[in-house]
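For reference, the structure discussed in these notes is given below.
In this document, chain identifiers A, B, C and D correspond to the written order of the chains, with residue numbering beginning at 1 in each.
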Amino acid sequence: MMKVLRLLSSSRNQFPTRGALSMHAYTHSTSFSTASKSFSVKGTSAHNVFASFDIFKGKAALSLNPVLPTFTKLESGNLVVSRRGVVMLKFTPAIGERRYDWEKKQVFALSATEVGSLISLGPKDSCEFFHDPSMKSSNAGQVRKSLSIKCHADGTGYLVSLTVVNNLLKTKENFIVPVTAAEFAVMKTACSFALPHIMGWDRLMSNMPSGVGRQQSNVGGQQSKVVPQLLDEWDR
Amino acid sequence: MMKVLRLLSSSRNQFPTRGALSMHAYTHSTSFSTASKSFSVKGTSAHNVFASFDIFKGKAALSLNPVLPTFTKLESGNLVVSRRGVVMLKFTPAIGERRYDWEKKQVFALSATEVGSLISLGPKDSCEFFHDPSMKSSNAGQVRKSLSIKCHADGTGYLVSLTVVNNLLKTKENFIVPVTAAEFAVMKTACSFALPHIMGWDRLMSNMPSGVGRQQSNVGGQQSKVVPQLLDEWDR
Amino acid sequence: MMKVLRLLSSSRNQFPTRGALSMHAYTHSTSFSTASKSFSVKGTSAHNVFASFDIFKGKAALSLNPVLPTFTKLESGNLVVSRRGVVMLKFTPAIGERRYDWEKKQVFALSATEVGSLISLGPKDSCEFFHDPSMKSSNAGQVRKSLSIKCHADGTGYLVSLTVVNNLLKTKENFIVPVTAAEFAVMKTACSFALPHIMGWDRLMSNMPSGVGRQQSNVGGQQSKVVPQLLDEWDR
Amino acid sequence: MMKVLRLLSSSRNQFPTRGALSMHAYTHSTSFSTASKSFSVKGTSAHNVFASFDIFKGKAALSLNPVLPTFTKLESGNLVVSRRGVVMLKFTPAIGERRYDWEKKQVFALSATEVGSLISLGPKDSCEFFHDPSMKSSNAGQVRKSLSIKCHADGTGYLVSLTVVNNLLKTKENFIVPVTAAEFAVMKTACSFALPHIMGWDRLMSNMPSGVGRQQSNVGGQQSKVVPQLLDEWDR
């Protein structure tokens, strides 16, 4: 099979719109990033980094952005995930050629399991997710979001669409972004990379010093104590 | 094929039980983490991070948690793995709706090779592992654990079950957790990420400074010496 | 199927040419790396690291090199990608046996999406990319580059070729490098590793301290504030 | 298909032999690690970390160990790979039950391309590599090593064997280690993880500060300068 990407055109689309989309990204990513503030060094505030993966198409733009989990410190000094990370999808409608109206954007936050579903999609697979943003509030059931990833019959890509039905505002919005196999490969690889991070597993790793050189003087060799209950399993 | 995840319900299940399960996690993970204490900076104790991947189902909950290896320092100053890392599986029985009894949990520690078996499972593959927690003790053979991962005929997921037969207590416990393809994809991706870390290979990497900027003044350019025996192979 | 790599010969090809090729790499990579200068510590300049993956063949050599994105600091102190990263392909024609003329090299910069296309290529897939280096300049359309990755019928490798047509200089250059399945596997694995980095997603990760030990005194446990608009989605 | 690993027995094999094998590992890994010495902090010597992946079987044991590349500092202060990294395979013959004679071990260093061949092997694929340790010396051709990875007909694993023919000593040694699909999955995952590191690409990444928090005061926003020659490609 022969894929031909005509980057000249796609690039032409991309740049004029970068500004609008990006400003959008900044505005909203900041709201996420307050989360990681809980880890910022006192006296200074960690900077936020914006590097969303943007797919600009005729009717709408789709942006992917990982959002890291936040941790709460227990009295023991241990850290526990207080808010799970997600991969945030942002849909922005096009207004005229190569212009997007970020005021009208809608977001859909993929959980770890939903990311797992996305990265395990084959070229002939499709999937659909349903969210109720107001779940567990008095407005539960009033707003309904559904994200659909439908494969093309010939396996050359997917149709990614978000539908938001708001019974309170009596509105129904729909976004459709065709995603090529190459663009989806980027989504899968980037999401696979992000998954352990939104799960917080990279922290479990970094819990031990990375870089013996820096730590050598602090390294002790004492036997570690493990409660018998677990020793049996761990010590096999 | 069309996968439909109804996250409203699954989410509803999840949260009421988070508390119980998590407390459980804290209590026991701390016993693992004493291991990495052998690397904590003197005068301070490294914090533990809890970020298990939890799958809550009707009859039981399954939690995954990587456990890093521990190293012992030789007189030469070199470090050798003293306890290999594992991916710990924790099964907790349900008691009533959305409630789990962590007092009755059972664990099963996957070795690197068992993790290799898990991440190489195809949608139509199954595997089974047997552990004797008391191996090499006087109670050898008295307790038998078997973990089974059985694929659904239609390849839409797996049935993960743990059986623990204890001849001393004359007890037999059984846990069954249905795992969707999406949840298993998370398990595979997270375990693939964790594998080099439980093997300690991330340490081999971090043995050289990561970040030239930080190290530049320490960087020497002298030719490295390698014993002939190995030079032949290494220097090809 | 049985693949036999005769490394004796391939190695013989490799070393005599290392020098020439490498000097080439140094000269030009420095021009890339000025980009990351924007992050160098004041008073010192970060060192550049050269570790291209080189494939030396009879008619030409192909070198792969990741080029990281650069970030611009906003007044807010936040960072935004100012120049996206790429995986740079460098083609160098052979002049006589095992000698390459780096003066005549040509480069082709793969974007994230083009890298996605490369890493998702099956053994029976092919793809082609078109670039106009002078796009958006007065010379737009005068120079045309096309990169073609064609699979062998038997799936044992690919033919990677670059064609550069320059209407201004009235020149047409063509480079052809046969790539074995093993060499392409390295390209795919290395590009998959590089992709999140050229997208800048590794930065999003590193936005939170990696290594609790180093940060413990700075860790605060306060709830993070998230604007309602997003809370609904993020907090599910 | 149903894989059953009986870890009781495999574990039983493993532990008695750990000691011998490990001592072996220490002795020789130290010779590799002198390489990374060129990066050790002056006044102190970086510690070496030993975490080989060991497969103990009836006739021989196979150990995998990544060996990082070394860099040489140019007058410009830039770093260039002086010795490429490898994944070192070590074969050790069994002497009696669960005992291995590390005095008789033989090593085979997989280059990046050979690692690419290994990680791209399908369950029905096989491959073979040939090395001449004395290549480019007066003894060229006198010693011949060949590594063969042959799949089982039923795709349940591989037969990994090393043959060393030494015309100088008039010796021919042969090592055979059956590797299960699960063990090979660990080899593939670990080698995929190691590949960018033995290529030195992790350094290219770490060339920019990882952790904005730590670097914020050093972050400048100036436009980066790129020579036109490359600007065209990079700036698309």
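Quick notes
Following the convention adopted for this analysis, a contact is a pair of C-beta atoms (placed from the backbone, for glycine too) under 8 Å apart; a residue touches a chain by one contact, two chains touch by 3 or more.
Given the structure is predicted, the values throughout are model-derived calculations rather than measurements.
Matching CA atoms, the turn from chain A to chain B amounts to 90°, rounded to the nearest 5.
Both chain A and chain C derive from one sequence, and where they touch, under half of the residue numbers involved are common to the two copies. Separating the CA-averaged centres of chain C and chain D is a span of 24 Å.
Inter-chain spacing, taken between the CA centroids of chain A and chain D, is 34 Å.
Looking at chain D, residues 7, 11, 40-41, 46-47, 49, 71, 73-74, 77, 79, 111, 131-132, 135, 203, 207, 209-210, 212-213, 216, 219, 236 sit in touch with two or more other chains. By the touch criterion stated above, chain A contacts chain B in their complex at residues 69, 71, 73-74, 76-81, 111-117, 119-120, 124-132, 135-136, 192, 195-196, 199-201, 203-205, 207-213, 215-216, 218-227, 229-230, 232-236. Residues 1-8, 10-12, 15, 22, 25-26, 28, 30-42, 45-51, 53, 65-68, 70-74, 77, 79, 82-83, 86, 88, 107-109, 111, 131-135, 143, 145, 180-186, 189-190, 193-194, 197, 202-203, 206-207, 209-210 of chain D are the ones touching chain B in the complex.
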